[in-house]
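What follows is a set of notes on a single structure, which appears directly below.
A, B, C and D label the chains in the order they appear, each numbered from 1.
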Amino acid sequence: MGGFYIGRERKARKAYGFDEVALVPGEVTLDPNDVDVSWKLGDLTFAIPILVSAMDGVVDTNFAIQMGRLGGLAVLNLGGVQTRYDSPAKAIEEIVNSSSEETVEIIQRVYQAPIKEELIEKRIKEMKKAKILVAVSAIPQQAARFGPTAEEAGADVFVVQATVATAKYYSSKRESLDFGKLCSKLSIPVIVGNCVTYETAYELMQTGIDALLIGVGPGAACTTREVLGVGVPQVTATIDAAAARDEYFKKTGRYVPIITDGGMRIGGDICKALASGADAVMIGSAFARATEAPGKGYHWGMATSDENLPRGARVRVGTTGTLKEIVYGPARLDDGSQNLVWAIRTCMGYCGAANIKEIHEVEMVIAPAIKSEGKFFQRTQWRGIKK
Amino acid sequence: MGGFYIGRERKARKAYGFDEVALVPGEVTLDPNDVDVSWKLGDLTFAIPILVSAMDGVVDTNFAIQMGRLGGLAVLNLGGVQTRYDSPAKAIEEIVNSSSEETVEIIQRVYQAPIKEELIEKRIKEMKKAKILVAVSAIPQQAARFGPTAEEAGADVFVVQATVATAKYYSSKRESLDFGKLCSKLSIPVIVGNCVTYETAYELMQTGIDALLIGVGPGAACTTREVLGVGVPQVTATIDAAAARDEYFKKTGRYVPIITDGGMRIGGDICKALASGADAVMIGSAFARATEAPGKGYHWGMATSDENLPRGARVRVGTTGTLKEIVYGPARLDDGSQNLVWAIRTCMGYCGAANIKEIHEVEMVIAPAIKSEGKFFQRTQWRGIKK
Amino acid sequence: MGGFYIGRERKARKAYGFDEVALVPGEVTLDPNDVDVSWKLGDLTFAIPILVSAMDGVVDTNFAIQMGRLGGLAVLNLGGVQTRYDSPAKAIEEIVNSSSEETVEIIQRVYQAPIKEELIEKRIKEMKKAKILVAVSAIPQQAARFGPTAEEAGADVFVVQATVATAKYYSSKRESLDFGKLCSKLSIPVIVGNCVTYETAYELMQTGIDALLIGVGPGAACTTREVLGVGVPQVTATIDAAAARDEYFKKTGRYVPIITDGGMRIGGDICKALASGADAVMIGSAFARATEAPGKGYHWGMATSDENLPRGARVRVGTTGTLKEIVYGPARLDDGSQNLVWAIRTCMGYCGAANIKEIHEVEMVIAPAIKSEGKFFQRTQWRGIKK
Amino acid sequence: MGGFYIGRERKARKAYGFDEVALVPGEVTLDPNDVDVSWKLGDLTFAIPILVSAMDGVVDTNFAIQMGRLGGLAVLNLGGVQTRYDSPAKAIEEIVNSSSEETVEIIQRVYQAPIKEELIEKRIKEMKKAKILVAVSAIPQQAARFGPTAEEAGADVFVVQATVATAKYYSSKRESLDFGKLCSKLSIPVIVGNCVTYETAYELMQTGIDALLIGVGPGAACTTREVLGVGVPQVTATIDAAAARDEYFKKTGRYVPIITDGGMRIGGDICKALASGADAVMIGSAFARATEAPGKGYHWGMATSDENLPRGARVRVGTTGTLKEIVYGPARLDDGSQNLVWAIRTCMGYCGAANIKEIHEVEMVIAPAIKSEGKFFQRTQWRGIKK
């Protein structure tokens, strides 16, 4: 598996992120309309391989309903403002309107209100009423308690998400979550994350989970890499987890899809995640730019509220279009942040990939980031945020 | 062919762009005046190896005439404003004067006017009247129809250009262009593009085309790499296509020149493209800076007008000199954007290359981009655009 | 040991810094509360693996007392303003209030006042009164003289620090410091630095010293790399010195801890230094941001005062929190500059390292710096300095 | 010799510049005062290994006299304003006072005045009167004519300098310079440049020249890399030329020193050039900052005046100190741009190199540029130019 010496008798592999690779067009090209972009989670089939992150600035019940109607899946955070406040909009407003200096403190305070189980039920039922597939998320410490509540209230998918999830967690003070037990208690699919290595991915699949989130440290509103030094860039993390998925499938006949989570801003990044082996992607910041996002152009990472060691930032991305424009276009921006599905279809067409399985096989090259390819004129003025 | 692990059991080649290589002077040097920079396309010989991209902000009939008189070849876009409007200048003006926020929308609207076949004929005849060699371009969907029209009207070269062109395109809804059939129907040379791999280059040559455009994703006004993740940096793409050209020539005796298209801003980039194996280069943004360019210092990619997924940007490059100054000097700027032909001649002289074939053999080194070579003082003030 | 050709018949190893690597989460994860972060120096045990650099803008007696109470070790510079002035605060104020243009000159002048031995004693006693472990530092030229004075006055640790320290120094004009003699004369632990190679680390350990400082050129307020071209990035330097420590331990049974010194701004960098093999880290700029730091948000390197060739800069880092917040939190910033101990604990937990020895074995990957991982929105506004 | 694939069946070596390497301290260190930094050119010995480039903004007769008195060697350009104008100061003033937009044109015009042979004699005699060693330079086209004139007028060293010099130059229109003939005609040492490869260096040495200038494209006021794409970064170019020098010495017993020319801004760069194998360095921009420089803080490349294709820029570097401060200190800046000789001595001391021959053997590592080593605070405000 190669590796380079980084010091005396010590080698390290080089890991790659989205900015370091590019996809090679195929010998055969396809009409984008003929491409199949659907994927499966347990018995559920989704029309598009895009999930929206459980971030309070992005997903509320209304957003989840709109996204569900478009064929995607937005995850509602059961540990956020939606389940702590009867009127979460006011809490969000306070965060959004805070000055830069006080944001972390305000986020920390807002998230100290207790989670109310009746609000869990209420939020899920609000979404079910719209007849969409409902996904909710909890941290491992609360998963055993909230999982059954969520399923009972009608949730279709349960997500357990920590910065780093492993099959083996030890603590002298509290019992760790047994993923196997949780999966057998729930009849709905369980998505678990996040992880970045072959070994952990394989071990988590062995516990019986239904899908795996890949990504530690890459998100736009996450500072894990800075604060802790921990993280593996997403192209390599996805390739490694995909190898575990394929090996596990070969051994057991059970296919556990992997979902690359974090670090993708634009269509090109999503396409690269799929080419690295992802069955679907989970995206936050690109959707924080939707008119429907409760954060009104702001979002913040789930670890920003950590009382001791906040590891996230409030990021302003601006509001640039409707959710429909972001998902299905027509794109009114030329920077790859809108019409993500057509971007996936076009890319797959250029690469000759008829479905998600086939894009896993597309050739990649290591390529310098685009900025060094001659685009030195004032491109920035054309991007992004309307002032 | 080497390659590096980018993840478990998955390797990728490293691809190189212009900013990552430099040319090594030769053991022998030549007087630039003794260097031959001409190239051949079919039976046509051009004095200089420079084509101008079919971009509406750059090439109109007047620009094409001036460029033809200088020995180069400017390509007129048959799918742009020139064939949609009797007075294309007004449409261009609207795009140029739009504010940053509305540009994409305005471009999309302007390009919804229908293409008129009588304007195709009219534009070609306007150019023929000036007794220059005339080149026009169409997308594959319109090539079968516009090709014969163009030849009849007097065009000397027909260009078929898509973001990604392959010999094998499949669609359930429409028939794909048969390049072989097109070439046998037309008696003028057919240039096809764009492609970036050995295999596709070879297969396209086998269809009977007369020259090949190399480049996916690198142009200054193109956002394919960002939006779709697809692209191969130009040095590697050109080397690979040149290998296909040479192999095809060895097998068949027919020499199909390759034209590197996109990503070259300045003389040094052009020289590197030629050293990578290009027989000629196609350039947009450097010529958008000419007084004669209809875009008055602005240009935009052909895919910017895509209704669903615009993949281009309107880029302001400013107007810095006449077309003649850009091609033959004297350069009034020191940044390599003027007197491109003398730059090519001087480079070839320093490298000891007496003609285009010989510059294909010049040694390159992988070298850090110039910015990291100690030029940290305020150089930028000396470049480019007059305010 | 690999290496790459950098020219004809000449190879060089590639050396790595903090921005080029990242830590890989473990298969097993641990509760951060269960992690042991203590380390030993001679017979002394410290609760946390953090020393504070002997910089006059950072450490005065009050700062050292506060840091000692928190379980860390701040080193007082015996060659700085504390021992040259009865009221060092005034000297510091002059430096801090100087304009950028005059800073170097003012620093040079301020440091020309003579060192008074009675002030050495006075400062050490001030600190001892607070019943903390006291560490002081001198340059090699003054170590033989100041070492005994310091021990007598009650110092618990003596640090000898030069930009580059070796076991073999030759001068035609003055006798060089004999580290072996110094160590046998003093009964308190002697820390020596700085060095960056296996060979020098091994030879210095052989002289009998008790710990070694690793790092030439990387500090935020040090310009040795620019001015002299000399330096080895910290990840590689630490790995190499750790190899020497382990080999020396294998041979002799004596464990000489190594302390990575310089170039670490945030929690992630500290974690990477520990993963590279450091037993502890020495930090300057992160602590210059403490309310307790005498420099009021400014600090400057020890070599800035060099009369002939200043090799340091006055750097403004701003004041962002109390020393306690920086060490133990709660962090009020999300950028990794506060609650360093919890960052170390969390990182070790994620990597499955139960103690400092185990984090030495954690896997690293070579990874692109974080900026290229998709964090292009306005993050900077969220960092650091209150205006 | 290694090399990496940059495309199908085509390899390229990686070449390194100053920002990519760093020097490793030695196991033995020396007192900087004990280090010998002298070098020899023919029978002449120079106290310091620093030449000043023949740039009109840097070297006039007064500057050359001052530099000669300090033990260095400043080269006067025989093809510049000094030999075209009786009062060159006025011409320089016009260039310095021009606005950015018109500089290139003004430089081109100023350099169209004819060179007067009587001024060549006059300038050389002005310098000889001060009893310094006098060096002057000409381009190859004028070398045969100006060389004897210069020697007769009293010059001690004759420099022939072109962007790229080779032993074999062919032109259909004019005879090329025969270096062998020139050297046998002159009895003073002849320095020739510039070149960057082993082969050309070796062949030029065989012609009988006395020293070689190394460097194509790296200078701060030179845009050859941008305009022509030609250049080899200086560390690799110097290593390769040094290998030719050593091989030539082995074969013939004649030692032809090599002088690295261009791309060195600060002490660290100079030290790296010496460690790469240079016997001396030639520097422009660092000396343009001297009070004595006629350009008053501005300088421009020799190729900026090219009528057809200017390949240089007027660069403002500001005036930061006297020539003596730049050469021997005391440095009043901390950025490595002053007291260059003490920087060389200190570096050699840290690396254990007692003389120039020994620094050729110092170990280098490939290291990331300093900016990525954690220096993210506002350092820039502390550097350089007084506003």
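Heads up, the rule we're going with is that a residue touches a chain if its C-beta (ideal position, glycine included) is under 8 Å from a C-beta of that chain, and two chains touch if they have at least 3 such contacts.
Since the model is a prediction, treat every value here as computed from it, not as a measurement.
Trainee: With chain centres set to the mean of the C-alpha atoms, which chain is at the far end from subunit C?
Mentor: B
Trainee: Specify, for the interface formed by the sequence copies subunit A and subunit C, whether it is same or different in terms of residue numbers shared by both sides, with half as the dividing line.
Mentor: Subunit A vs subunit C: different; shared/all numbers falls short of half.
Trainee: Between subunit B and subunit D, how many degrees of rotation does a Cα superposition need? Round to steps of 5.
Mentor: Result for this pair is 90 degrees.
Trainee: Any idea how many Å lie between the Cα centroids of subunit C and subunit D?
Mentor: Distance between chain centres, rounded to whole Å: 38 Å.
Trainee: When the centre of a chain is set as the mean of its C-alpha atoms, what distance in Å lies between subunit A and subunit D?
Mentor: Roughly 54 Å, centre to centre.
Trainee: For subunit B, jot down the residues that touch at least 2 other chains.
Mentor: In subunit B, 13-16, 18, 236, 269 touch at least two other chains.
Trainee: Which word fits how the chains touch one another: line, ring, star, complete or other?
Mentor: Drawn as a graph, the chains make one closed cycle, so a ring.
Trainee: Provide the full list of chain pairs in touch.
Mentor: All chain pairs meeting the touch criterion are A-B, A-C, B-D, C-D.
Trainee: Could you please specify the touching residues of subunit D with respect to subunit B in the complex?
Mentor: Touching subunit B from subunit D are residues 4-10, 12-20, 100-101, 103-105, 108, 163-164, 166-174, 195-197, 199-200, 203, 216-218, 220, 223, 225-234, 236, 263-265, 269, 285, 304, 307-317, 369.
Trainee: Going by the contact rule set out above, which residues of subunit A touch subunit B in the complex?
Mentor: 1-2, 13-16, 18, 21-31, 33-34, 198, 235-240, 243, 266-272, 275-276, 329-336, 339, 342-343, 346-347, 350-351, 363-368, 370, 372-379, 381-382, 386
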